[in-house]
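Mind looking over this structure? Questions follow.
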Amino acid sequence: MARPTDTTRRNAATGEPYHPHLEPRYREIATFLRAPLAECLDDLDIALVGIPFDGGVSNRPGARLGPREIRNQSSLMRSIHHVTRQDPFAQARIADIGDVRFSSVYDLERVSNDIAAHYRAIHQARVLPLSAGGDHSVTYPILRGLAAEAPVGLIQVDAHTDTWDEFQGSKFHHGGPFRLACEAGLIDPRRTVQIGIRGAQNTAQGWDYSDATGMRVMFMEEVEALGIAAVVAEARRVVGDGPVYLSFDIDSVDPAFAPGTGTPEVGGLTSLQALQLVRGFRGLPLIGADVVEVAPPFDPNGNTALLGATLMYELLCLLAAQAEPK
Amino acid sequence: MARPTDTTRRNAATGEPYHPHLEPRYREIATFLRAPLAECLDDLDIALVGIPFDGGVSNRPGARLGPREIRNQSSLMRSIHHVTRQDPFAQARIADIGDVRFSSVYDLERVSNDIAAHYRAIHQARVLPLSAGGDHSVTYPILRGLAAEAPVGLIQVDAHTDTWDEFQGSKFHHGGPFRLACEAGLIDPRRTVQIGIRGAQNTAQGWDYSDATGMRVMFMEEVEALGIAAVVAEARRVVGDGPVYLSFDIDSVDPAFAPGTGTPEVGGLTSLQALQLVRGFRGLPLIGADVVEVAPPFDPNGNTALLGATLMYELLCLLAAQAEPK
Amino acid sequence: MARPTDTTRRNAATGEPYHPHLEPRYREIATFLRAPLAECLDDLDIALVGIPFDGGVSNRPGARLGPREIRNQSSLMRSIHHVTRQDPFAQARIADIGDVRFSSVYDLERVSNDIAAHYRAIHQARVLPLSAGGDHSVTYPILRGLAAEAPVGLIQVDAHTDTWDEFQGSKFHHGGPFRLACEAGLIDPRRTVQIGIRGAQNTAQGWDYSDATGMRVMFMEEVEALGIAAVVAEARRVVGDGPVYLSFDIDSVDPAFAPGTGTPEVGGLTSLQALQLVRGFRGLPLIGADVVEVAPPFDPNGNTALLGATLMYELLCLLAAQAEPK
Amino acid sequence: MARPTDTTRRNAATGEPYHPHLEPRYREIATFLRAPLAECLDDLDIALVGIPFDGGVSNRPGARLGPREIRNQSSLMRSIHHVTRQDPFAQARIADIGDVRFSSVYDLERVSNDIAAHYRAIHQARVLPLSAGGDHSVTYPILRGLAAEAPVGLIQVDAHTDTWDEFQGSKFHHGGPFRLACEAGLIDPRRTVQIGIRGAQNTAQGWDYSDATGMRVMFMEEVEALGIAAVVAEARRVVGDGPVYLSFDIDSVDPAFAPGTGTPEVGGLTSLQALQLVRGFRGLPLIGADVVEVAPPFDPNGNTALLGATLMYELLCLLAAQAEPK
Amino acid sequence: MARPTDTTRRNAATGEPYHPHLEPRYREIATFLRAPLAECLDDLDIALVGIPFDGGVSNRPGARLGPREIRNQSSLMRSIHHVTRQDPFAQARIADIGDVRFSSVYDLERVSNDIAAHYRAIHQARVLPLSAGGDHSVTYPILRGLAAEAPVGLIQVDAHTDTWDEFQGSKFHHGGPFRLACEAGLIDPRRTVQIGIRGAQNTAQGWDYSDATGMRVMFMEEVEALGIAAVVAEARRVVGDGPVYLSFDIDSVDPAFAPGTGTPEVGGLTSLQALQLVRGFRGLPLIGADVVEVAPPFDPNGNTALLGATLMYELLCLLAAQAEPK
Amino acid sequence: MARPTDTTRRNAATGEPYHPHLEPRYREIATFLRAPLAECLDDLDIALVGIPFDGGVSNRPGARLGPREIRNQSSLMRSIHHVTRQDPFAQARIADIGDVRFSSVYDLERVSNDIAAHYRAIHQARVLPLSAGGDHSVTYPILRGLAAEAPVGLIQVDAHTDTWDEFQGSKFHHGGPFRLACEAGLIDPRRTVQIGIRGAQNTAQGWDYSDATGMRVMFMEEVEALGIAAVVAEARRVVGDGPVYLSFDIDSVDPAFAPGTGTPEVGGLTSLQALQLVRGFRGLPLIGADVVEVAPPFDPNGNTALLGATLMYELLCLLAAQAEPK
């Protein structure tokens, strides 16, 4: 790993140098986790990326505003982890590289291509992406950008398997990215685990697809019965040793903790369980990660974006440890 | 059981047929659980009923708006249960029959009589009612309508025993329905279990009444210590084999999960515990059920009404299984 | 005009007849203005229609939830107008016919076709449509359904001329419906008036298009300087005697009065001005009207949906008077 | 007039004296306008009274929480008027005497009697009451307490005439207090003016009653057309020289300014118009005044209670000037 | 212990006596836990005190409004504990003595001195203080007032150790009170336990200080793994038999339960855990207690203030039992 | 004037160039008015500056979060003015230079010095500052930085004259900046106009100071009576031809339009009046301007920050026109 990014900034008027992490949290332009802004991928180990798109939702929209508000709340984050004392900013070169651009937000297939191209560029630069959605439809094109060479393992924390087929005439909606990824050979279903699944459905199609392809579906009831440590162990068993992508849909968490999402399902994870789950994956060879479905218009007290920001910090710790051998 | 209701609707302009469950959730007039509207009780197994009345509260009003908002949030519900794969809509003929009417919302005794008459008609039609309150005062007249023949067992999930006597000159308030029901011989106190009780009181009168009459009071501390499975077992032991009514007061749930209620008490059930509790009563011979005390004005993110709607779905699964042998 | 609709309903349990307008407002399933639900267009003069679509927005989404919440707030509406003592329900047969259906909410062109087909059916049945959006992109296909025979006049109350060209690769977004309608010969630009326009733009393209085609653009500053009576007079002069469509974008109103919209512009109409403006068009030969861009997720106290519902009532008065000679 | 109340308080721990008006606004127990609490009526000119009752509403409840929240927001009030430089606290002995007590909040007639007895005691002590509701049903019993000797004049600022007859089996609801007061000879209809009336109704009964008895009804359109100065002149002409009661229903104000109320009607007064209207009545021989229908659950930013508190301050200035000759 | 305070009040208008605990909760001036207001410390065992100061926060302000809103929500509290049946109001003389006064809210050192003087007076009167903050900076001067004779034990429930050094040029901020207290010999670090600690930090300075001085730091992960009973046992072991102060920072609780605070950290205690933790300290020789960092502007549904009020009630039970031998 | 800033940005991953103004508004890091970020003052005509400080408030805090949220809402702004067709970005080199830094947020005098130094540097670089507060105490040190050479004229739009003396032991609070500025010879009181003043006060001290020094105080009642055009004329008469600073306190606007502020006063300006007032000052030789007292915690629907952003855009148009001759 290269030397960490110099995060020192200078006061534009006075030239005075300062460190953004040591400023009051309400100061400064809001970037992800108070990381520096980067205008290119040079000299980076980890890129923090926003994907402000929610054109794939089937229910309540608003996740397009997710990256903006996660950036805002992430100013509350700090650097040294209270359990591990790890400081990702001391380990890796990290920057906020802004948001994905879209040539047409009204065309799901073009959006998918824009996102894929964006992540292909990041992947080619050998930078690890940590992304904030946007709705869950964005993870399929992320995987198109990162996993074109060979299928990867997948840890998906979610209330829904997101392996449904066409809805309202499109396959590119937020209920189907992992069916698409599986069909495209981007993920290995036998190295895929889906954690926190719950809520009634109108057809069993998605659950059945996950089962039929060999994905390991851990419904919420199993998660609660086993406890997080056992869930982690089982998930690690499933994904094995190969490269893994981790996708965290905030609707896996109970709406008491994360109300700001498009398709809330009561009876989910607590925040503490969510944090412990993510921490459990330390050491896995991650090729990237995302936090999706944070919808600020349904989040009057900001808790959902704050949890999203905290999960990004936890994922950053995983990726920064991962970045080290580079 | 008869064949399920045909839930197909037709587009009023084009005549095109469609199934409401398969539409985007934000489409359509809001009915309970996207069930069809019925204008009479013919050909129904289960009636979904709203009781928009909160004249019996002792503290913050607003539950009169509960049925409206539960209907709204219940559009997020779907049909096939993720644990049991049961589809209540495939098992029973289910409809939203609208709200109870009141001859005078200003007179608690007349309201009680109006509700009793309404449920008497439902009962006589051999239809099972699943109701959304309204404050908890409504359960006494529901029982007047359903349990006139003989005392029934009662499963009451609640922060309060609601066995207090007169308050402010009336017995018909929301703190006393189960004392009234017991005095009127509508419930059998020895087949009555009260789950989730907590919060200080100014007199011990209600707790003492429950004890004195032989009701089984499970305070929240006992619920937490035993775990839901053991609570279910104990409750089933108490109610035995006879007919049972289930009344779910949303204030049994912690205000973090269900802030929208008139008399919140911190330190309650989680949503997941609430769902597991209800599911535990599968197979009991239920004569009806209700979810009460959802007060939308205190529910800025809609979580309480969403939980209320989900509990209605879980209760519907119990009732639909119950409806089958008919 | 035929006899008004019989709005009497019957209590499903007891069979008791009642009039929904005389019930407490929080009772009953929420339909537009407490009108009866209709399952076909027979025997109707005026159809109240929801268009829950916001896929055409360029900024904040949420208007797909508009019809649902306008229906909810419209329970506060009553029948006899306080200025004119007109009772539209006594003059015309009026029903809520539910929402437009979409074959694919992800494809703006198909949505446009679905809406056009819906309104074509309404138009062919000689029913006047009064619609609640949805974003403003829906008005172009409404006009496709209603104005195919010959260009109509247009009264557009709006903060934006909505005559912009392609954005993000599409012409079907909410900033362009009146350019499309003009190009398609559905509206006559010389019989078009745009009232309340304001807010900076990144290009003058839309304003220029309105000017170039001869539309009468009344910026907010002119509206305020002239006063509503003079604005009405000028608008009536512009549209003349022929058939007219009236489209009311709620963002014409100041965000203090109508915060719940996707592209708010401060410095707009007051509610009182908005009501007086609509009332001023009594007697014009309207072929339909709509209220669009109500976005409930940004409307924490419900004022925007309440204003939307009140505007629907005022428009209903115009249409019911209009329906009379039929 | 006697010497003003000594408003000095003492710090309970240190004994240090201080003046509550000069403290930071967020300090101290919340009393109306930071007035001292009184436990009896001795040595008072003006009593500030809360009436936390909303059992008379026909729509959304919540006004029972009005006195609490008006007290809270009224800490923002200060003493010297910015237009007149009047300081009511220097002119009159003023105290918050707490809330009316109810023997039964569930019985509208007993509530009416409790309120009447409360105001009879205040009236007999020759103290002028300035009250905060509560719903508008409370003004009838206030008048029973204050105007038993002879009919008084009435200035009613309101969206509704509140002269309707029985609703849902009761005459004591918030839509009828002035019909009751008129029938009971407590107000003189020819000395009654109703300002700001608007909104459709299901029957014209209330408007007709006001007309038939000779009340002067100023609909909102007339108010807007005339301007506040002319409205004041007309109202003063109507009430003449005799004793007058002033009742201010917050729903007279537009919901943009006062969303927190049970029956909002768009298109109302601005706050500035409301203040100017009240100020216009300086010098009239007022026997008391009230501000009613502030419903905090519908007031997410507190504006309605703040306006209610400011109106109480303006009314206090009228009453304090009135108290002087005593 | 002396006889409990006579909590009877009299209606100011009618002279009628009543007991505030038996009134509807929304009636009456809001005092802490509906206790009587006291104007001096005579005849008191326990003083309820507000400290409306948040000048020491490092992030989001608002806790200055905490005492006001905790008083408001505490009207929901009642007297008899549902687990122990203890009635603190029957055991001790309890009053709300109002808020601490400040000579300058802009000068942290003077504020510290004002608070210290206030508590010195309370301590000298042999009254036990139960306080509501305000930010956590207030606990240092409270300890200056109470623990001047000898270092006391400390139970601190908190997400942060609050043992950081100077920030932004001051030592008197809310991140450092326990370092100051330790340096000043007010607390014994070996009799100090910090429970619920979590969240990343930019330096490990505070954690290191706690470790170096021998404080027992129980991070949230340990709390969750041990369970509350074991945490209580460990805390009791640490503090031993001597006098103890208990300080409860509401940010120890998860933001799902307590969003209204300045520095929220996801993954904290549940409300039920918080209550059980406090109850576990029954019988310890407490010299006072506080609940701090409730910030109402971030608490849209009031849950945080309600939890704060409930914690005050639980602490009052501890103190009242404690007050008995006096 | 130099050539406008090149506002083109490049996508960090793909290198693709784009113009931020033409992107969807929810994309991108939030800067003031979507201006580029600058790290020094070189090549700038106008600097957009945030001052996240609210330590000077006397009542409700929260304005420290103002710059963050105004940046967020300002993404809704665009470039070409709808009345004048002016495009400030085509006229001047404009950048967001971030926030003022503080050496100690807890010491009002040091904060004042930090701000003064910041603006001195801007002034020396011959850049015009357009600032977003923060509370109004910041304008005194801004003037220290900009007006050290000679007293300037002042246009202050505000509900309060902010010419009070010491409060709570300090002169540096938000109620006194213009007294300090006057005493320090930074503003010429005879060239000072204060517009929109209203609300009761506990002493007349501030009003008297304004009068005694010859400031022109336009109370809200005068503003409403004259109309905005006449107010503009009078203000221009007062300030004459010399250099002028314009300070806009958002509390001048009515809380219906701008609820998110610390000391709201009902009965203020409308948004439209506020915009027209600012526009009226086109052509005056401005040395800078600010918008202060936007407090997001009290702004649940974002209207206040949106109005603040729009006012910044209007002020930018004034300054950009002003920048031209350079």
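Should a chain be cited, it is by its letter among A, B, C, D, E and F, assigned in written order, with residues numbered from 1 in that chain.
In this text, a residue touches a chain if its C-beta (ideal position, glycine included) is under 8 Å from a C-beta of that chain, and two chains touch if they have at least 3 such contacts.
This structure is a prediction, so every number in the text was calculated from the model and none was measured.
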Winner on C-beta contact pairs when D-F is weighed against A-F: A-F
Self-contact between copies subunit C and subunit D, residue sets same or different by half: different
Distance between chain centroids, defined by C-alpha means - subunit B, subunit C (Å): 39
Multi-partner residues of subunit A (each touching 2 or more other chains): 24, 26, 60, 64-65, 102, 105, 168, 254, 256, 270, 298, 300
Topology of the chain contact graph, where touching chains are joined (line, ring, star, complete, other): other
Chains grouped in pairs wherever the two touch, ordered by label: A-B, A-C, A-E, A-F, B-C, B-D, B-E, C-D, C-F, D-E, D-F, E-F
Touching residues (chain side subunit C, partner subunit A) in the complex: 54-56, 60-62, 64-65, 102-108, 110, 168-170, 172-173, 297-298, 300
Touching residues (chain side subunit D, partner subunit F) in the complex: 21-22, 24-26, 76-83, 85, 254, 256-257, 270-272, 274-276, 300-303, 306-307, 310, 313
Complex contacts: residues of subunit F adjacent to subunit D: 58-60, 168, 197-204, 207, 219-221, 224, 254-256, 259-260, 263-264, 266-268, 270, 298-300
In the complex, subunit F residues that touch subunit A: 9-16, 18, 23-24, 26-31, 37-41, 47, 49-50, 52, 64-65, 68, 71-72, 96-102, 105, 117-119, 121-122, 125, 300
